[in-house]
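Take a look at the following structure, please.
The letters A, B, C, D, E and F name the chains in turn, as written, and every chain counts its residues from 1.
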Amino acid sequence: MIASGGMFMSSLVRLVEYAEASPEVRAVYDKIMTARGTDWINNFWKALANDPALLGRVWASVQQVMAPGALDPLTKEMVYLAVSATNNCEYCSYSHTAAARRKGMTDAMLMELMAVVGLANENNRLANGLRIPVDEQFKAQP
Amino acid sequence: MIASGGMFMSSLVRLVEYAEASPEVRAVYDKIMTARGTDWINNFWKALANDPALLGRVWASVQQVMAPGALDPLTKEMVYLAVSATNNCEYCSYSHTAAARRKGMTDAMLMELMAVVGLANENNRLANGLRIPVDEQFKAQP
Amino acid sequence: MIASGGMFMSSLVRLVEYAEASPEVRAVYDKIMTARGTDWINNFWKALANDPALLGRVWASVQQVMAPGALDPLTKEMVYLAVSATNNCEYCSYSHTAAARRKGMTDAMLMELMAVVGLANENNRLANGLRIPVDEQFKAQP
Amino acid sequence: MIASGGMFMSSLVRLVEYAEASPEVRAVYDKIMTARGTDWINNFWKALANDPALLGRVWASVQQVMAPGALDPLTKEMVYLAVSATNNCEYCSYSHTAAARRKGMTDAMLMELMAVVGLANENNRLANGLRIPVDEQFKAQP
Amino acid sequence: MIASGGMFMSSLVRLVEYAEASPEVRAVYDKIMTARGTDWINNFWKALANDPALLGRVWASVQQVMAPGALDPLTKEMVYLAVSATNNCEYCSYSHTAAARRKGMTDAMLMELMAVVGLANENNRLANGLRIPVDEQFKAQP
Amino acid sequence: MIASGGMFMSSLVRLVEYAEASPEVRAVYDKIMTARGTDWINNFWKALANDPALLGRVWASVQQVMAPGALDPLTKEMVYLAVSATNNCEYCSYSHTAAARRKGMTDAMLMELMAVVGLANENNRLANGLRIPVDEQFKAQP
């Protein structure tokens, strides 16, 4: 937990460090570090560790959902960033921009990604705000 | 405009048909049909046509932003869908799912896309709700 | 309550009609009709009437907030529409577009309003998604 | 108002201190301190005090809505937190976590609350993003 | 899939019926019906079944998160409803209102729940819109 | 870019200063400073400058959308602020409050604006959360 003062903010729950973690939490921490080839745990997991079942479930979900499949991992990271920008999640924007860059996202890709995010947010409101009815031609799906 | 009755909803402005459109609006409609190789205009543009400057600007923006660049057009369509799902835009979800399918999106890709969208929305709220501070390691950007 | 069937949806609580309403609810209904010079109650209030204290409080808030003040009532209706478009509230978009039109909003004004709403939604995400720091020059406020 | 510098941010309006407040504002401040048994006013009310009618109305609303009723006050605080997490309101997350803890919320309860908030945000987007139609069985309400 | 026509909307993917489902999907469907003591599957799961891994994961998450724990199941359903109202998820509002009613939620409880949801949404925007700084007293957490 | 340390955050892309900008970017910067009668560029544009096409397009959109028309520029700024408050865009709230004040917005107007924003956000959720059907009387539009 970051020391308080000025605009410094601490999280609303303790950040559980490895040294003080239960064996159940340490087991997940070990999986995270092994999967990522790192020797540290980022704050997101340290906060979730206050509920070991939540920690284990969310980590397993991330592993399943972000794995290569019909979409490649970099595309998935960029989709994740698009949602985080729309929802204004500072933590997720920082952590997943770092992740996307490790997977090959360039500045040019990030800028184009944000251009699409901006445009979609604009057009979503034009369509919703004017209550534009869906064309019959689009309803043939699936 | 769809005839009213029951839950049938009309848009909040008239949908401007080609036959009644001004030359300025017809010029944009012609560009849209040429670019898409279709002979009809979908309701989104018919609603925007109530403000010809808006119609022209948004169409030009779509052409610029969704064009191939550092990201390919299919990836851009899926990012657009991710935002539309997060914002609950029914019109955009229908129209851009159709567009993404024309560009090669399969059901498997759509399902994985939504899995990422769901997960990001979940984790965005865990990070925001618990006010988890950004790790120093993520701040080295750019 | 609308009869069910197909896509017809009913509200999640009963819509309280005047004939069946308690004296407490009727008193608010009477105030609404008097203030508006109408002889009917729209569904929003009929739904809130399941909680008479909520009905009374929200009606009083609307009366206070939407009254002429530093801002005129039409500007307030358009601000209300901007929020409703951003939040995708179908009910509020229909009811407050009707209200704004009664107060003088033209189609041209509605279209410009939505253009601003769309642009703000776009730029909000560019600023949030790229985590752009606030300039010192803007912090001198108030 | 907090002195500016670095990332330090001030609010967009002055924070009205008791010493400089009008009698109308002081009357509300006194009610707040009495209701809470405290001798200080938090910034939320100091900002609203720039519009005494708004200050009075919002305080009265909080008193009415958060009071014991069909739901107990702690449940109401947790619902408030769930909304604040979904909307990413930093101020509200801090102030209402403090309030919920005073009413008995433990860390275990907070973590489970956030788990539900996360899951609902995920499933909301799966349902909205795939445009899943509501089952007839759920429409029988109320 | 609901037959199309007028405003009738189909989902963006096929709804997988039991009769046509793979053994992997049927296994989850069986678990759902057993857990709920019902003989039908609602559309949410039929849509997710297009991605059996997603279906299995989300069902397991719901079972884990919504189970009794530090919070009781009815409180969890109401928190779920608060998020769904904030995000405007029609499907989730219908399905989880039904679930909450089966667990004992009365109309009075639903109305108070929505009153809190409304108030939190209002105050979230007052705090965010005016950029009100968090008081030092609230930062002592945890 | 702001030097890092503590809670100090940098943007996710470099902020392009005039001295290092390409001729294409400088041309837009010059237009911005001329239009505003200032000698500095705020961070929003410096971040967009990483994608000169995006920079040019967004600046042109702002010029078109925020210009006097059926709505006056101050009303447009306040609508922009209403959206930014609803979406929790810190950058936009600071920069457009400054812009609105330059165009004549007083504290009293800002407070009334936020009161409307808060009320609309509250009522949007009451209508959406209770799934209140739109009255036939409101569907006659346009």
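Points to keep in mind about this one:
Heads up, the rule we're going with is that a contact is a pair of C-beta atoms (placed from the backbone, for glycine too) under 8 Å apart; a residue touches a chain by one contact, two chains touch by 3 or more.
If you're wondering where the values come from, they're calculated on a predicted model, not measured in any experiment.
The set of chains touching subunit A and also touching subunit E is given as B, C, D, F.
Taking the mean Cα position of each chain as its centre, E sits at the greatest distance from subunit F.
Of all chains, B has its CA centroid at the greatest distance from the CA centroid of subunit D. As a whole-number value, the distance joining the C-alpha centres of subunit A and subunit F reads 25 Å. Mean C-alpha position of subunit E lies 33 Å from that of subunit F. Separating the centre of subunit B from that of subunit F, both taken as means of CA atoms, is a distance of 21 Å. For subunit D, residues that reach two or more other chains under the stated contact definition are 6-14, 48, 58, 61, 65, 82, 84, 86-90, 93-94, 97, 107-108, 111-112, 114-115, 117-119, 121-126, 128-131, 133-134, 139, 141-142.
Chain contacts in this assembly form a complete graph, since each chain touches every other chain. If you check the complex, the residues on subunit A that touch subunit E are 1, 4, 7-14, 53, 57, 61, 64-65, 133-134, 139-142.
Within the complex, the subunit E residues that touch subunit B are 6-7, 9, 12-14, 48, 50-51, 54, 58, 87-89. Contact residues on subunit C toward subunit A in their complex (touch as defined above): 81, 84-86, 88, 90, 93-94, 114, 117-119, 121-126, 128-131.
Subunit C meets subunit B in the complex at residues 2, 7-9, 88, 90, 93-94, 97, 107-108, 110-112, 114-115, 118.
Those residues of subunit E lying in contact with subunit D across their complex are 2, 9-13, 15, 40, 42-44, 47-48, 58, 61-62, 65-66, 69-71, 75-76, 78-80, 82-84, 86-92, 94-95, 97-98, 101, 106-109, 111-113, 115-117, 119-135, 137-139, 141-142.
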